[in-house]
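Shared chain: subunit A. Partners: subunit B in the first complex, subunit C in the second.
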Partner chain A sequence: MVVFNYFIELFEKSDLIIEFVWFLIAMLLFLVITIIIYLKYLRSTLRRNEKSKNKLEKEFETAIITYLYAGDPDSKEISSDQLLIIEGLKKGTSKSYRKDILIATMLKLGYEISGEMAESIDKLYIQTGLKEYSLSKLKNKKWNLIAEGIRELTLFEVKEVQHLVKEHLNHPKSEVRSEMQLYLVNLFHFKGLDFLNEIKTPISEWDQIQLLEVLQLYKTQEISDISSWLKSSNESVVFFSLKLAKIYNQYGVKEELIALLQHPNVNVRVEAIHIISHLDIIEAKNELKTNFNTLDLEEQIAFFAMIEETYELADKPFILDNILNPNFEIKYSALKILKELSLDEFNSFKDLSLDPQFIKIINFVESN
Partner chain B sequence: MQNTILVIRFLFFLYGFMLIGSYIVLGIISVIESIEYMKKNSFVNYNKILSSNISPSISIIAPAYNESLNIIENVRSLLSCHYANYDVIIVNDGSKDDSLEKLIEAYNLVKVDFLINEQIPTQPIRDGIYKSTNPAFEKLIVVDKENGGKADALNMGLNISTNKYVACIDVDCLLIEDALLKLIKPFLETTDTKVIAAGGVIRIANSCIIKQGKLIDVNLPKNMMVQGQILEYLRAFLLGRMAWSRLNGLLVISGAFGLFDKKIAIEVGGYDIHTVGEDMEIIVRMRRYMEELEDKPKYKVAYIPDPLCWTEAPDNYKTFISQRNRWTRGTIETLRKHRKIGLNRKYGAMGLLSYPYWFLFERLAPIVEILGLLYFGLLVFFGKVRWDYTIAFILVAYLFTVLFSIIAIISEELTYHQYKKKGTGLKMVIISFTEPFIIHPFILYSAVMGNIDYYFNKKKKWGAMTRKGMSNTQTKN
Partner chain C sequence: MKKILLAEDNSMLSLLLKFRLEKEGYELLIAENGKESIALIEEHSPALILTDIMMPFISGLEVISHVRNTLFAKTPIIVFSASGQEEVVLKAFKLGANDFMSKPFSPNELMNRVQRILR
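What follows is the complex of A and B.
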């Protein structure tokens, strides 16, 4: 009490600034105490939520498994036991938090089973009204809920709502666009790629890889006509189509690929050279060789990588012109090719330069 | 005289006010950025990229110097990353122990003929370059070179790598399995901005249970010094760097683990072998290079809040002081080398915001603090102390520090919730109250010594960092 009175007295005698600082101390102290209480509450809530989530997951898992085995194998109709489970699940998932857990549980089980059982889970998703729940997310203002909704529709293969999903083709958030693209490609495969004709926004490298990985799950080699995409004004569509051309060996678009050697973006030109090399489109070789000195360094390097695969005796003068190229990779390529074309000439060039880099490369090529 | 004292007081007050203000602003931005990140990544499916052969290629470069104790386990951990398209380059930087022999034996290594495009000059190869005869370890390349320091070893890795991206790491760090996947994402998801480097949160592994290169259980160490560092890391990573990333003003990616665009890292000349703060210096130089390009491309140094890498923190004051002394010298060297950037509009946010911030609140902070203490000492000596002011201002500073630390803990709980065990929350709160007394005086001492060593002991380089090792055991801290 004495100490308290001392402080009160001190406070009353203090300057304005010190009164303000003491007020600040009181505020900070209050904030510290509040935030400690909040931390305690937060940690308890997180622990409780985790427990309740695990409990719910187990409950839902049991219900779903019972549902799967409660059906009549001779009939496509829903059995009375299954109806009871559906009603139970509907009642138990009035809150969106519970709905999300049910969806997650269905998906988890869906990954572990296949065939008719997996189809039954897709049906259960519709019967429990979760399809409407996912669709309602599509109309939400929050972009993350829209993306989540589309993802659920993708995973439960709800094909008939593609017009609603496609509305988000040019959504300002890339995450929503990404989910929309994955929906179309997962459910409609190459046909789903039609969105490439309309998309105005760029497709990130991350999304392109995801789409290609989905497409590769389907073993077909018959893909859509990519020629118009190679001419797209959206550069990311061009890059994506180049990847398609490589993976699916699209020799049929060689004219378009050769035309891309004149593309204003150097990265497109470099990628086009790689694909041309991969598809062994010999027609482009002479053009690139003739214009070699006007190409960017990266194009030159890519072209030399191409020549390494396609060289012939007629290329020798061109190769000889480049064995002293200042670029390491080109020099190395040129010497490697020269050794293959004519060992005698390769040996005669051993003493051509005193440049240590040249000597290092020539020694390496000689011994490998 | 009276006026001079008033001016000094005003300057100290202004400095403190600006420092606290900047922490509040950075804290708020960090929280916003973390929430946005969590939202964006809550439904990302990493599995598709994980197994994709068309994902971009990455080289992990890990310099090793006398790491014989743990090198086998550490390399095994690096080889277990969940990513399809990567290799691991271990650069044995002239180790005097039997690291190389152990690696040769454990991974069936044989010497190979390897053509190195020496784009960055380094110390020469000592014994050779090795690859494994066992297909299970085909991703592994071991380079044995003459000693040249960490930066030189990393430069050798840059020369050897044939991949598009390089992840530079400390060999004794533990990467979580999907670290590469998570860190490559910022490079691949942007369409209008070039990401030149990216980093993630570094966490402290002391007392955590690690088996066969994998983190099994996260524990809070008993050693108060390590506890304090855990809190310090949480504050720095979750409430500092997230904000700088949002402001596109990040000047440092931790040397423990960072991913770089190799082409740009090489174009700027690789790591600077003349600084002890090579991790900060290369980022500043890469940024400077981008800013000085004629076409001024949009670029960014990205940062993600995922705990991707776990490292062993010093558990004794001697090692701690040596480490912080080096960090101080690294900061001084980098800021001095790139002083042209400071308040230079040509360098945008880096010149007008990041550099001045680092100069004022990182470079000058220990000096201002020491000056403040000296001034306070003088006042005590002359009996001029207003104790009501003194107590009040010390309390404000202390309570603010505690508050900021607890916000960092909350931020951790809301994002990754790594310290789950019951009772840990209370312990963390207690650490928030004790940390300013346990760690801060030593940080201040190290920083002052770092300044003295920088100006008067130029020969001082890295200093010893004794590690106990994290593999297969629970350390006793």
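What follows is the complex of A and C.
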């Protein structure tokens, strides 16, 4: 008590600034204690939730496995035991977080197995009313829930709601658009690419890679007609179609590819040259040669890369015109082609320039 | 009763295969990681090993290597791999795996292979 009174007295006699510092210390102490109590509460709540989630997961796992083995192997009809499990799962998933856990549990197995059992899981998803739950997410205002809903419909292969998924074709969030595109391509393969006719928003490079990855899982080579996509006003659609033209060797769109050499975007023109080269469309060569000086530098480089693959004797005058091209890549390419076309002429032009870069290229081409 | 060791970290797949294999008259030993599977192999000497390639602690490749190069056992080994792991599957064969199944796989097809190997 004496000590306490001493401190009170000391506090009262202190300067205002000291009193303020003491007050601050008390406040901070209170704050720290409150935060510690809150964090402890939060941790125990999270642990409790995790525990109940794990318990629920185990229950669902057992129910799903029992469902899968409760069916009659000779019949496609749902057995009475299976019906009981379905009813139990329906009752047990009245709250949305329980539905989410059930979906996650089904997918845990769905990713690993195929065949009849995978089909049974898809059927169980429908029977337990989870399809409606996923569809309700599509109407949600939160974009992440819409994307989640579409992903679930993709993974459980719900084809008949295509029109509802397609409503998000030009959704402002790229994540939703990406899920929508994956839904269509995963479930309808090349036919699903029809969305390219209507899409107004850009398809990112990553999304394009994902779509191509999915398409390559299917062995069919019956690709849709890509000619209209090569004329699209959406540049990302054009880029994607160029990738399709290359992967699936679309010689049939020769005219459209040549027309792309006049595209306002230089990157499209450059990519078109690469594809024309890949498909060996010789018809475009003369046009590119004639307009060579009006082309952008990237196009000129791409064209020389094309000539390296397709050169013939008739190209010699054009090659000779470019052995002193100010661009290193073109100069190197021209000299390399010249050596292949005529070693005598290559040797006679060796001393054409004293430029050290030119001499270095000559030496390199000679020794390779 | 022939023993089969299943090394798989997906509890649901393990449960599914357990039901199936036990129904066909096999005893299934389940390991959730490579370390557990090595301990079970040494303890029980199973007639067949089913192992996933990607597992915590010790991978499926290390399990195969342990069986072939440390225990010098000729126990048949079927490897599970995800698509796109072709190179790892080749490594598994070089180490001595007998067969492989790419995930997702059909449990019915797995059963056929198990029965063929253990016939």
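Descriptive notes on the structure:
Definition applied: the second predicted complex is superposed on the first by the 309 of 368 C-alpha atoms of A that agree within 3 Å, B and C clash if a C-alpha of one lies under 4 Å from a C-alpha of the other, contacts with A are read in each partner's own complex, and residues count from 1 in each chain.
Please note the rule applied: a contact is a pair of C-beta atoms (placed from the backbone, for glycine too) under 8 Å apart; a residue touches a chain by one contact, two chains touch by 3 or more.
Please read all numbers here as calculations on a predicted model, not as lab measurements.
In the superposed model, B is the one of subunit B and subunit C that contacts more residues of subunit A.
Touch criterion not met for A:344: it reaches neither subunit B nor subunit C. In the superposed model, A:109 lies in contact with subunit C only, and not with subunit B. Using the contact criterion defined above for the overlaid structures, shared-chain residue A:68 touches subunit C, although it does not reach subunit B. When the two structures are aligned on the shared chain, A:160 is found in touch with neither subunit B nor subunit C. Contacts of A:205 after superposition on the shared chain: subunit B is touched, whereas subunit C is not.
Of the two partner chains, subunit C is the only one that A:117 touches; subunit B does not reach it.
Contacts of A:222 after superposition: neither subunit B nor subunit C is touched. Across the two superposed structures, the residue set of subunit A contacted by subunit B and also by subunit C is empty.
Only residues 61-62, 64-65, 68-69, 105, 108-118 of subunit A touch subunit C when the two sit together in their complex. Taken together, the subunit B residues at the contact with subunit A in this complex read 39-40, 42-43, 45, 48-49, 51-52, 54-56, 113, 115, 117-119, 185, 187-192, 388-389, 392-393, 395-396, 399-400, 402-403, 406-407, 409-410, 413-414, 417, 420, 422, 425-426, 429. The residues of subunit C lying in touch with subunit A in their complex are 10-13, 15-16, 19-20, 23, 103-109. Touching subunit B in their complex are the following residues of subunit A: 10, 14, 18, 21-22, 24-25, 28-29, 31-32, 35-36, 38-40, 42-43, 46-47, 144, 147-148, 151, 174-175, 179, 202-207, 209-210, 212-214, 236, 243, 247, 328-329, 332, 357, 360-361, 364, 367-368.
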